[in-house]
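What follows is a pair of complexes built around chain A, which joins chain B in one and chain C in the other.
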Partner chain A sequence: MESLTLFNFSGQFYALLGAALAALAGIGSAIGIGIAGEAAAGVVSEDPNKFGQVLVLQALPGTQGIYGLLIAFIILLKVGLLGGDGMVDITVSQGAYILASAAPIGLVGIFSAIAQGKAAAAGIMLVGKKPSELAKGMIFAAMVETYAVLALLISFLMINSITF
Partner chain B sequence: MAIVDMSKLSVIGLNDNKSDVLRELMTLGVCEINSQDEKLSDSEWAALTKRDFDQSATLSTDMKISEVSSALEVLDKYFTGKKPFIKCRKPVSEAEFETKNSKPEEAEKFVALVNEKYKKVLSLKAQQTALLTEISELKPWLDYEFNLDMKETKYSSIIHGTFPNSVVTADIESRLSQEGSGCVIDVVSKDDKITYAVAVCLKEDKENVLSVLRQENFNPVSFADIVGTAKENTQSCNDKLKNVESELSSIEKEIGRLSENIETLEFYYDDLVIERDRYKILSNILRTEKTFYFDGWVIKSAVDKVKNVLDKYGCYYEITEPEKGEQMPILLKQNSLTDPFQSITDLYSTPSVNDIDPTPFLAPFYFIFFGLMLSDAAYGLILSVGSFILLKHYRLEGMMKRLVKMFMFCGISTFFWGVLFGGWFGDMFGISPAWFNPVEEPMTLLVFSLILGGIHIFVGMGLKAYILLRNGQTIDAICDIFLWYLLLIGIVVFALGSSIAPIATEIGKWMSIIGAVGIVLTGGRSKKGIGKITGGLGSLYGITSYLSDVLSYSRLLALGLATGVVSQVINTLGKMVGGGVLGVIVMIVVFVIGHVFNLAINTLGTFVHSSRLQYVEFFGKFFDGGGTPFNPFSRKTKYVEILKEEK
Partner chain C sequence: MGREKIYPYAVARIRMLENSLLTEKTYTQLIESKSALEVFKILSEAGYGGENSIDIKNYEKALSSRLAKAYSDVKELVPKEHFPDVFLLKNDYQNLKVLVKSDISSINGESYLVGGTTVDIKDMKEAFETKNYGCLTENMAQAITDSYDQYAKTQSGQVIDNVMDNAAFKDMLKVANESGIKFVENYVKTLCDITNLKSYNRIKNMKKTVSDFENVFVHGGTVSLDTFKKAFNAEGASGGFKETAYNELALKMDEGFTVFEKSCDDYLMAFMRDAKYKSLTVEPLLAFIYAVETEVKTVRIIVNGKLNGIDTEVIKERLRDAYV
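On to the complex of A and B.
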């Protein structure tokens, strides 16, 4: 633990770093929704009536950001930042555990949302040509999301098992 | 509950009766008439018959339809009354439809009137744009008091034009006077980028002055067709604009008044579409001098009605049963409980002849999974009540109706799971769960989800076994399904056996070994030589796909947590502001916006993921799809639904 205390950071700092890391999944969602949005605007320029359909597809890469928020929120609750009693004292290693448990959703969230954005954009193109195939376009994008869901699950189970 | 039985129909009748026969069959709407391309390429058929198709009639009806639909678009745009949130077909009786369409000439006149008025609107709008452009072009020159068409006097030339603002006109003047060609540049006005100016010089210097000015990025403006000063012209443009605008608004009002009769055109449109389809179907009918022939499919339960019609007009017909496995159009029929879930099947694919209808099997799982993933009692109530109101208020049809009804059902499931897990807008009211709180005991729910997934997959495999047995492929059913059952159940029993009885572990072990050995031995049975061994090993490797399939159901837990925890976030945010009137108001606003957002995004996610579990994990086990949906020769109306009179 010598090397960790070298920086003289407290456990709480690492816990907050974990919350921040989890919330970074929003980067991926923003990029993914942006990619899908560009495709959506293209399709709507051809046929404004498809707005509703393509909006549904555009929203799909947004979930990673929500999963990140979710883990960040649980971390904040756990360290007592949202409880009202103030932050609880945690050791450096406990803080580091929390940081580690935020890594899956933070990292997988970013990359899966970008990939999902591309799949959603392709789905939007599909809807542009064949409006009746909306469900299939949604499924293609949802195939990517599986891995964000798995990462969320692991992050959640890890945090849940940390005790102070 | 299943794929509807069809019978094959072929008919020969007299041409004199043809239109009556077709009309009545169309009203019944239970036959699909096949394309006859294949028969026409057969020389024996081609020698006797030819295609019965009236191209000019089809085309002229299509023309009429496109005119009516553009008139309808115009009327819809200017419709002043209350527009319904969802446009539904209006139910009418047969008699009403006929009386409404008894005067096609008037309807046609109405269409022409509307289209003409709209043409006028378009031309007025073009004039309006032209006038506005002219006004804006003249605007910088308003302070120039001479006529714009005055380009010269007896000795001098007058040049109008623009500079970029960076140019200093005095510099140009001095440069020109040094070169010996005197010139006066008068700045008329400036905007943020451009200087509008007039240059006056002697006629003989004009060429030289212009070339110097051009070097300074001068852009001459010609004012073609404009006589008089900018002010006068602007004034007259404004007057004209006023006239155009008043005319425009009066015509638009007129169209608005006309749009009250939009219904007449909607009836007319549907009547034309029916007529067009009747012409169009002729291309699927063969004819000789005096007779016609067609064949197709008819819903088996409606055969008697078709027989009545054909007997009435003295047609010769033959109705036979399809051979086993023969390609035929597919129509699905459900009971009232599973019908809404057919939308999930329809969104995937129509089953093929060799498939079974998956709808009744996916319905209960979809119902459970949806509720489990959304799992909030309040959200469930909102979803159910909202869908119920939609269904009551609007005459929804087809896919839309099914989907809304499905959400109504799934709302009930969501309510049920919400009560079990204690989710009422998340933790807003602190209602304790009837079973357990998944945020506190995620492992319990994870195991429960995976068990549900296992059952789902086993049902899918069972359906595959049923299909194989039905087709007489008993060996395939045993090797590809029952051995896997043995292996998978064996593994589960082996893993959990120690907590039940020591003997269970032993049983589980041997079940898995027999299953695995069986799979290795039989997996490559359709291959040759060395492939028999590698094929078997390859099959056994397929166990990883079962593992990933089961793990995929962990999303049931993850999405359930997502709804619950995001609700918790919203509630915490709302309560943060504190007490007082302001605090309460902010809290309510945060709650409403937050929960609407959460409900919307999570319902979407839940819909997508419960569908995915059906499509990928469940359908992958037994369902091929790719059938042709039954497309009956019927009245495909857009605006009205003609109710069939039951006799």
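On to the complex of A and C.
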């Protein structure tokens, strides 16, 4: 078993690295919401009444951060960090499995949230010009969500199938 | 992720400001109105002139303040960027022309000075009077010296225009190159070509010679002086541009002067319209300035037409394509 010792770190370290990687999806959400927020401020500066409408669009890129948080939580539960009984013993390869399963949501989360932020910003400008087209603007931005959800699904399935 | 710089706030604000541009419907109303008075009323309702009502005495002021506001809005949105200067520089050079010419002719040209400049008019006047060109660009200072020299040699006011125009394009190209934004660079080059095409068409129409054209040619575009020279000698006005990007536009030369001048403006507008489909980069900011410039030009055509009792159909022919 001990033949697979990557850089001599313990399995627990890799498991935590996995949780951290999943939580990095928040980077993308922060950038995405930031881009959309700038656009929203631009619209609201000319027409404060549109605040409610643009806020919905601005919030869309936030979901990737939540997905990352979800996977990070599952990992922490799985390794027993949230149970109060201390971390369970896991081998290096088990830790590496967990790290691998966190990769989809961590990476896809970052890039899809940035892309979604741009689409949301464009949707916000669309609302600025044609307030009645809010739903269409939301659909365009929500299309990007698909790929974040797919990555979440894969991360979830991978983690669920790891047994100690 | 693209490497282009993005401006979500600025573009969103511009999109909102675009809502205040006159629409096709308003233009139709303006054209069909019975008198200039009615035109002024519609313009007031559309937001021209702010609180004051517009009349024959102050409509020019309302138009220039509309332009000045567009310039300052965009400048305010991207305070660290210099690319909006490609639009402002022509006004600087217009003022320089006025200053040089009024100095030479001793006629007061105060009323011909325009706003919307990169150098404050007061500073420019002071620099001009004290001959201390610190606040002007190098090209401006050079252009002032050159235009006096050239004028002393030729005694023709036209050389001043040419010296200034060439310097203006030099400065515009410099700003465009420094900005590193392809759209801005292409705009300046296209504008340069269009300026030359317009001069070419005018000079050809006036049956003047190639050397007259050489005197007004501005450098910096994609179509070379050689191409123009060849076109001058070719059959017909439009024949020599088949191998350039302006073949279709050049064909309009055969349809008459007014049609060609309008087509040139429409060509630039078509170039600008690409910006409609950019959501985060700078293009919409530039297009907005161009849209307002065109709007003011169009409104001026309508107002002057109405004031002079020109037929509705004739005014319609001259109307430029709008951005929205």
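One rule holds in what follows: the second predicted complex is superposed on the first by the 159 of 164 C-alpha atoms of A that agree within 3 Å, B and C clash if a C-alpha of one lies under 4 Å from a C-alpha of the other, contacts with A are read in each partner's own complex, and residues count from 1 in each chain.
Note that in this section contacts are C-beta pairs under 8 Å (C-beta built on N, C-alpha and C of every residue); 3 or more make two chains touch, one makes a residue touch a chain.
If you're wondering where the values come from, they're calculated on a predicted model, not measured in any experiment.
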| item | value |
| --- | --- |
| Chain B versus chain C as contact partner of A:17, first or second or both or neither | neither |
| Partner chain(s) touched by A:162 [first = chain B, second = chain C, both, neither] | neither |
| Partner with the higher number of touched chain A residues, chain C or chain B | B |
| First (chain B), second (chain C), both or neither touched by A:88 | neither |
| Which of chain B and chain C A:62 touches, first, second, both or neither | first |
| Which superposed partner A:142 touches (first chain B, second chain C, both, neither) | first |
| Touching partner for A:100 - first (chain B), second (chain C), both, neither | neither |
| Partner chain(s) touched by A:118 [first = chain B, second = chain C, both, neither] | second |
| Sites on chain A touched by chain B in the complex | 56, 59-60, 62-63, 66-67, 69-70, 73-74, 82, 134-136, 138-139, 141-143, 145-146, 149-150, 152-153, 156-157, 160 |
| In the complex, chain B residues that touch chain A | 347-348, 442-443, 446, 551-552, 554-555, 557-559, 561-562, 565-566, 568-569, 572, 601, 604-605, 608-609, 611-612, 615-616 |
| Partner chain C, residues of chain A touching it in the complex | 35-43, 45-47, 111, 114, 118, 121-122, 124-125, 128-129 |
| Chain C residues touching chain A - in the complex, by the definition given at the top | 1, 6, 8-19, 279-280 |
